[in-house]
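Two complexes come next, and they have one chain in common, subunit A, joined by subunit B in the first and subunit C in the second.
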Partner chain A sequence: MNVFRFELRRAWVSAAVWTLVLLALLGGLIAGALPTFLGSRAAVEAMLSNFPPAFAAAFGVQLDNLFSFGGFYAFGFFYYSLFGAIMTAAIGLDLFSREKREKCMDFLLTKPRARGRLFFEKLLAAMTMLLVSNALFIAVSLALYRANAPEPHMMGRALLAAAALLFTEIVIFSVAVFAAVFAKKVRSVSGAATAIGFGGFLLSALQSLLEEEKLRYVTPFKYFDVSKMFFEGKFDTPYVVTAVVLTAALMLAAYLRYTRADIPAL
Partner chain B sequence: MNIFRREFKFGLKPFFFWTFGLFALIFAGVVKSTGVLSDGAFMTELIGKFPRIVAAVMGMANIDISQFDGFYAILMLYVSILTAVYATHPGRNAVSRESVDRTYEFLFTKPRSRSFILGRKLLAALLFLTVFAALNLLFSSLAVRQIDLQGDYSGLFLRFSIALWFIGIVFFSLSAMLSASFTSAEHGARAGNLAVLGAYALAVVYDLLEHPGALRLLTPFRYFLNTELIDSVVQPLYIGLCLLLTAAFFAVAFYRFERRDLGAL
Partner chain C sequence: MFYYDNMRAIDLLRYSASFYKKDCTKRIAELADALSLDLNKKIEDMSLGNKKKVGIVQGLLHSPKLIILDEPTSGLDPLMQRTFFDLIQRENERGASVLFSSHILGEVQRICDRVAIIKEGRVVDLRSIDDLRRNSYKKVSLTSQAPLMGFELPGAAQLSQDGTQTSFLFSGDVNALLGKLASLPLVDANVSEPDLEEIFLHYYEDGEAKK
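On to the complex of A and B.
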């Protein structure tokens, strides 16, 4: 387990910092803006009453859902997923391109351990960090839910809705690992991680703006719909399937490449 | 010219990659805009009733998306993020590519001063950035032809593309400066990327506040406001500020680069 320990020691500080930022963002948004958000319901209702009811219904404006903890949480998810994705992509790229970047592949791969084993130890280290980070995120989300949402609480749904971040991060993680293993050169982890994170963010923004269903298949931040989980208790199956298939394919490709690729002489 | 040519060749691949992103964003956005515009009046009024934070978080503060120019402004907000993330890339690579690749002895033993080399590299990167902004204009003009829209929008596209260029060079020079200032290439890169993220966060906070005041000075994403660009209001103060910041960042970058320890990663 030396690789596992080594990777964890090298990467945990930045993961911890990102997690703290994420928790601050979550707490800040909900404590700071949720009351004002709920308070604006009257103004929106007044405006909607000027429109024919069918018109408002056609827009899917369901006020009970929108003006609730879940509605607001789903709203903030846009930003939680940006920060979460940058963190995850940084972890994935950092761990899986470390020897490539530091030009010491031969050092690691001449150790009496199979490459598959090294891959899994790195994977385990990354997953440990992701799971701990998300355990904290989910715990804080649930605490905020209990404190801010009226009875009856649906903890099961809230739990899964908060776990949507973890699921999204796993998809992003597989993209990052794939990129790290297949790239000929990784010059900057943070540069690539920012690009992946903002790439997902921009796709998600574009998808929200255009409301184009087909686009959702290539938008990882939208595979797990938080508001649907809050109000209907389920994710959209086709997108969950897409997420699972995509993750499995990318990880498998990365694994095969990592265990078989030639190591360039330096 | 050798350095310039080589740097140009190095930059081509990432440039095409990012250009593809730009292309996809603009075409998907503009071509599909008609659907959004038809609901625009309702959405604008609806968002107007929500607290500012909702509009700010959705990037729709101070915007009327029932009009094409309002819609285009939102799209350009996303494009400006894309540009900023891209711009940090050539800035940081110009300064630290050879250090990261450990080929610096090869380049810096050539009979040219460090400033000369850095200057040529930055010039090549600047060319990419300029073409990137020009392509924004081109893609927008081509995309808008795909939908039948009354009126001439070339002025609007031009103004937004110029604003894009100014935002781009600020982040470009900033990331060059940060890369030159940190001993570790990765730390410099991280600082540059955090600057983009921080500037974006400040831009959202700017939208959030009723009276942001001096906050505008802190985030290049708000040097050019949507409303001003749509109404073709020119703010010499902010154009000047962009140029001033860029000049200052470059000056520090050159100063630090002349004196830095090249071997250190």
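On to the complex of A and C.
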């Protein structure tokens, strides 16, 4: 498992930094802003009445449920997803295009290790980082829920709602891995990761703006509806299925490509 | 030669060694020592020659039984070339089979058992070194004060003269050659070994002529 350890050692710092930023945002919004927000309900509603609902939705604001922990969490979630997506895309791109970027594919691929095994070890390293990051996110989310929600009874739902970030990130991860393996050149990991993260973010905003339900199939950020989980205790099945199928297809394609493609001569 | 960014040589070599089931730490130290390679330096800060050395250590650290090298000493200074071929010879004595391509005739003659010539992707001849040595010749080119008239020397072939320039191929007792040269009024003399290609071409021409 030397490749696993190698990749982990090289990438964990960046993942840790992103996780801290994400947790700071989460903590800041909930612990910092929520009490004030709930207190000034009238003022906020007055301000929001000036915006058309679709426009407000583009920013993650869903008026009917906003003034509750779940609603506010869902609002903030839109932005946590952005950060989480960029972090995940960066991990996926970094690990799976490392040799391509640093022009040392012939170093790794000439070792007595099957390519499938290399892919698997890199995947494991990436998953480890994602799981640790999300474990922290879930823990902090639940702690904040206990501390700040008026009646924190629904731990199960809160847990799954927080886990929605992990699920969304897995989808984004598969997009990033696919891109990393199939791209001819990966010039900048952070640039491409930001593009993927923001791309998903903007698609979601667009979908909210247009209020077109069918578009939800192409917006990874909306496959797992956090407010629905909080208020109804479930995710929408068609979109969950889409997420699973999309992830599986992208990862399978990436795996096949990684294990079979010829590497170009330098 | 490209490697991962921001890695010291020792880190990369340890990573490389971790793919094999044996402990290569001693080997790495031995090889780096023999090649005068500073393992604690970052690879990207190294000269091409040093990067080449990292590649050589990487190739040999797991004591492979078969070693195939393509122009392994290009970019190395002559001293290092000699050190490298010594290393290869030691590996061979340890039981490894070595195949390498080279244009450094001297070293090839010194350590190889057999030589193959490849032309247009095919092996056109395969000879033992002893065979080669027996049929080897020297290229001699002389510049004299005045055109040499009636130049004669047993063992000289393909004599060509152009004013004060005389050149020929010599095979035979080198003492006879030197004796002859000492007796001539020369401005400059150049006695060199042909490269491998010339030997084989010569060989072939001879072979064809004999037919």
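Going forward, the second predicted complex is superposed on the first by the 238 of 266 C-alpha atoms of A that agree within 3 Å, B and C clash if a C-alpha of one lies under 4 Å from a C-alpha of the other, contacts with A are read in each partner's own complex, and residues count from 1 in each chain.
Going forward, a residue touches a chain if its C-beta (ideal position, glycine included) is under 8 Å from a C-beta of that chain, and two chains touch if they have at least 3 such contacts.
All values reported here derive from a predicted model rather than from experimental measurement.
Contacts of A:Phe6 after superposition on the shared chain: subunit C is touched, whereas subunit B is not. Using the contact criterion defined above for the overlaid structures, shared-chain residue A:Ala205 touches subunit B, although it does not reach subunit C. When the two complexes are overlaid on their common chain A, residue A:Phe107 makes contact with subunit C while staying clear of subunit B.
Once the two complexes are overlaid on the shared chain, A:Arg98 sits against subunit C while remaining clear of subunit B.
By the touch criterion defined above, A:Arg117 reaches neither subunit B nor subunit C. In the superposed model, A:His153 lies in contact with neither subunit B nor subunit C.
Put simply, subunit A uses residues 103 to touch subunit B in one complex and subunit C in the other.
Here subunit B touches subunit A in the complex through residues 21, 25, 28-29, 32, 35-36, 39, 42, 45-46, 49-51, 53-54, 57-59, 74-75, 78, 81-82, 85, 88-89, 92-93, 97, 100-102, 185-186, 189-190, 192-194, 196-197, going by the rule given at the top.
By the touch criterion stated above, subunit A contacts subunit C in their complex at residues 2, 6, 98, 102-104, 107, 111-113, 266.
In the complex of the two chains, the subunit C residues touching subunit A come out as 2-5, 15-16, 18-20. Touching subunit B in their complex are the following residues of subunit A: 33, 36-37, 39-40, 43-44, 46-48, 51, 55, 59, 61, 75-76, 78-79, 86, 101, 103, 185, 187-191, 193-195, 198-199, 201-202, 205-206, 208-212, 215.
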